[in-house]
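Next come two complexes built around subunit A: one with subunit B, the other with subunit C.
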Partner chain A sequence: MITLYDDETSAECHQVRALLGVLGLDFRSVALEEYDTDTDSGRPALVLADDRADPPAVLHDASSALLYLARIYDHDERLLPHDEPAKFAAILDWLAFARALTACAGAARRHESFGDPLDLLPAQQEAHRLLRVMDRHLWFQEQQHEDFLAGGFTLADIACFGDVALCEEGGVSRLDYPAVRRWCDRVKRVPGFPLMSGIFPTAAGLPS
Partner chain B sequence: MAPKSLNQPCEDKVLLDLWHPLGAVEAMPRNRVRHDRLLGVPLTLGRSPEGRPAVWRRPPDGPQPTVWPAEGPTGPTLPVIEQYGCLWTSLGTPRPIFPIPEAEERDRRLLHAGSVMLHTSAPRAVENFLDMGHFPFVHTAVLGDEPHTEVKDYTVEVSVADQEILATDCVFYQPQAALGAQGGADVDYVYRVPHPHCSVLYKSSPGYEGRLDAIALFVQALDQERIRAHMWLCLLDDDQPDWALRRFQMSIFGQDKPILENQLPRRLPLDPRAETPIRADKSAVAYRRWLGQLGVRYGVIAGAA
Partner chain C sequence: MSAEELLLRAENAWHPVASESDLVHRHVFHGQLLGQELALWRADDEHINVWENRCLHRGVRLSIAVNDGRELKCQYHGWRYANRTAACTYIPAHPADAPARTIRNGTYPVRTSGGMVWTAVGQPTGEPPALGQGLVLRPVPVRARPADVITLLLEQPPALPDAQPPTAKRRGDLVVELESVGFLVVQPMDSDRAVIRGVLSSQGPAGERLRILRHFDAALTRLRDTAQDRAADEAAPAPLLPRYEPVPKHLASLPESSGHHDLPTRVRVVRTWSAGAGVRGLELGPVDDRPLPTGQAGAHLDVALPGGLVRQYSLVNGPGETHHYVIGVKLTPGSAGGSAAVHERVREGDVLAVSLPRNGFPLRRDRTRTLLIAGGIGITPLLAMAQTLEHQRLSYALHYFAAGEADVAFRERLAALGSVRTVTGLDPAATEAELERLLGAAGEDSQVYFCGPPPMLDVARDVAGRTGWPRDSVHFEYFRNDRTLDHSSRFEVVLARSVLNLTVEPGRSILETVRAAGVGVPSSCEQGACGTCRVAVIDGRPDHQDVYLDDEERAAGDSVMTCVSRSLTPRLTLDL
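Then we have the complex of A and B:
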């Protein structure tokens, strides 16, 4: 069984829940504070424990959990194609981009919702800069009839979605990024993709 | 006079003379302080090394240390009480806090479910808490589901003696009324508004025929358009761990958050013609009228006198 020690309000944890959902993997979700940790090293954002592996595999970070789950359970390599170097490279870059989103858009949201300390304005400005980059990229993708960040739906979309979909809670509007808004709707329609509080379902949309 | 700017401190005596929540007592570590606001007034709050909580006013632009000052509070302290899992303070001369008799029942689980900040006014949050009409659309498959969207007629009284609003005989179909609920059921609800910024709801408890779970929303108005909502549970559930009960409540509140933050104007309009109520909004109509009668100006847009 896979156990995810997570926080239901966290966009980083949502990345891992989303991948588990898309892969159709059963897992047990437990509050992060139930995970016994060494208090000196600080509490990680999440813990994924997979005791289907022997010895059990344990991960303490959203990106590493995504890469682990994709490597072990994405049997047809749909989400992280190993034999297409350019696409593989692009996905890894989007994983880094997702971490940058967490550091600005995600941090702004945690500041505005939970009072986590932050210099808010620079974080919001950086979030807008990243959303502009994404919007431009997604618009060009659309011109080439590609719906997602790296061609088909991949780990790239899973990693970036949560902080983008929740950014308005951090005072960062998506009003100026129409291609990003269309992408959000397409991601929500991916079979098995779970939502979380603060993210509403979207209409079924036209068959593509 | 309504406050001229959003940042201006509250001048409503009726609000200043009440107890206001500042968050879970257990979340305040000893020997540390936190900087906070209440009704536009900057505050410092914390617990001494011995664990005694204290709250005092702070200059808005001064240094903001996070350790408990060696010489104790650096200004005159405000009154504090610990009640319903929260620390409460007052900027005026408070009367005793409103009672929640169920908190005294020995077989109940008392639990602070969480605190969340929202970009809205305290009265908008209370009004949302009173509303059953949004359940199927915002809390789909949990607190409501289409096609069961009807809010059946219910009773609302404003009791002058007890200074509170009471909505009774509320019934709503819920697919998963509580974490321990097995399948959908018609759920009985009672709502109390014993404080302009606090509400307590009572609902059927799965497995405890005839008794009600109590769930309270205590709103701390940081300023007119920013709040911290504190949720407190007083449940009969024996089976679920604390974290699961907290998570259920936080997930529901997280669904309300974007809805509330998109309600404009953020301050609650008290003029009956400002927004169009339907019959299901009977309790909201009574709440707005009551705020007007109390003379509340902070966090609202006053009606034509």
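Then we have the complex of A and C:
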């Protein structure tokens, strides 16, 4: 069984829930506070424990959990294609981009919603800069009839989605990023992709 | 022309707010024009809707709504609005009721030109400029004054790849023509924000399309940086205020649907006792295991009494006291017999039919201090309020005017309260002086609730006016209407939703006439005191004969108590 030590309000945990959902994997969700840590290491943002593996595999970070789950359970390699180097490289870059989003848009949201300490304005400005980059990228993707960040739906979309979809809770409006707003709709329509508090359902898309 | 003048003129002009390709299937686009937020969506029939970006119900943005191809569904309470008209089609909380046709969201006019969707917040003259069908550029948002962006575009017009800068000519306030290249249009989002949109006159060679788009995107991004650098040296202008019309209260909710004296609940008389001189207390419990529908402080019940009368009694219940209803009934000699029926014919163990609790006298809890002033049996709703305020540790004072010590009712409940004062034996003049003293001494951010006999409330209304109380801080509940009613007029009522025209004959009420035609209106006291049969007036002037509406509501003339009030105009159009 896979166990996710989970915080339902966390965009990082949402990344892992989203991948588990898209892969259709059963998992047990346990409140993150239940996870024992020693005082020095502090509490991680999430913990993924997979005791289908022997000895069990344990991960303490959203990106590493995504890479792990994709490598072990995405059998047809759609979410992280190894044999397409350019696409593989782009996805890894988007994973880094997602971490940058967490550090600004995610931090602004945790500051505004949960009171975590932060110098808010620079974080919001950085979030806008990243959203501009994303919006331009996605607009040109649309011009080439591509719906997602790196061609088809991949780990890149899963990693970036949560902090983008929740950024307005951190005072970062998506008004200026229409291509990002359309991408959010498309990601939410991926079968198995979960919602969370603050991420609202969208209408079903065109019947394909 | 100054930047301010330009924005003023922009009110009544067409502006692009999206690219046509932005409005993809089942999506809601979030736009803004001159400070006004917009929700844009394309229906499955390809109609493009440009709406005010808010649900009429709670103001939630419709840009996060679900576009189901025919309607937008608000994320918050599921109100639905139709393609084209923006009329509300369904309110999940009122599943049995058709929303009034008057519940419509604000819409804006729509045109398309140059691959862009155009609209206007004011009254546009003419049509948007014809920009042809070419290659639509990626729009670039800029944090700078729209007028300054135009200046910059004229100063540094972007060129085609490997070409000289074109000649730039201003065409109207916010359009720049790049000679033999295309057009750039500045969308004024706000006083200090704009979007540069553009369309090239030719699609260009197929293989070059992306390269040209990227080239212009880079050029416009550089212009954006320049504009923002220049704007950083100046103080940002104040943002424009959105022009939202407040939604009339009667449109934001629907009347409860029920027949004549809907009495769905059965209660057993658990206990009766003498709660004070001439006051009989009744404790009404459920007849089975199911809990009773909950009332709030200030609510009343309609009770069907032996002999066929239906009367209204306020709940005395405190907060959380949900296992029974407690009412107190004063024996009124010479009344039509309701109080006599309670005193003489109701016995412990009897089963009575009662309505759902209704509240025309709700208790606000957003003021610093609450004054509760009761006269006689008017203590009952105020006792419920006092218990609520006491329990929530909110500041209040209950002043209970009674004829004598023996007349003080519900002594046990009063004894449990921290801030009660009984005032006995005052004549009308002394009562007025005491009210003057109490109301004159109230501090900032106070509110007052009155319930008592009509003569006392009329005096209280005068005193509150004299002592300068704001209207929305003074609340009255009359338990009867002592005015002399005039039933003599004959007039026509038009029921807008039912599409019926009816004549109200002398001696009959609007309520009776409408019900005879098969249109249901809930009612309770049927003497113009409780507010249950209030109906919105769409056209015509009501002849108010009730005691429920206050002076301002009467003057507004947008609602009427159908049980007693009539019409001053030959025709009265009602939202029924």
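Assume the second predicted complex is superposed on the first by the 206 of 208 C-alpha atoms of A that agree within 3 Å, B and C clash if a C-alpha of one lies under 4 Å from a C-alpha of the other, contacts with A are read in each partner's own complex, and residues count from 1 in each chain.
As a working rule, a contact is a pair of C-beta atoms (placed from the backbone, for glycine too) under 8 Å apart; a residue touches a chain by one contact, two chains touch by 3 or more.
Quick caveat: nothing in here was measured; it's all calculated off a predicted structure.
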### Query
Between subunit B and subunit C, positioned on subunit A by superposition, is the outcome a clash or a fit?
clash
### Task
Look at A:E33 in the shared chain and tell me whether it touches subunit B only, subunit C only, both, or neither; answer first, second, both or neither.
first
### Query
Touching A:R136, do we find subunit B (first), subunit C (second), both, or neither?
second
### Query
Counting only touches as set out at the top, which of subunit B and subunit C does A:F200 meet: first, second, both, neither?
both
### Task
Tell me which partner A:R182 touches in the superposition: subunit B (first), subunit C (second), both or neither.
second
### Task
Once the structures are superposed on A, label A:E169 by its partner contacts, choosing first (subunit B), second (subunit C), both or neither.
first
### Task
Find the residues of subunit A that appear in the contact set with subunit B and again in the contact set with subunit C.
200-201
### Query
Tell me, which parts of subunit A touch subunit C in their complex?
136, 139-140, 142-144, 174-176, 178, 181-182, 185, 200-206
## Note on the structure
Within their complex, subunit B touches subunit A through residues 115-119, 140, 228, 241, 243-244, 246-247, 250-255, 257-258, 261
### Query
Of all residues in subunit A, which touch subunit B in the complex?
8-9, 30-31, 33-34, 112-115, 168-169, 171, 196-198, 200-201
### Task
Flag every residue of subunit C that touches subunit A in the complex, lowest number first.
18, 21-22, 24-27, 29-32, 64, 66-69, 75, 138-139, 141, 209-210, 213-214, 217
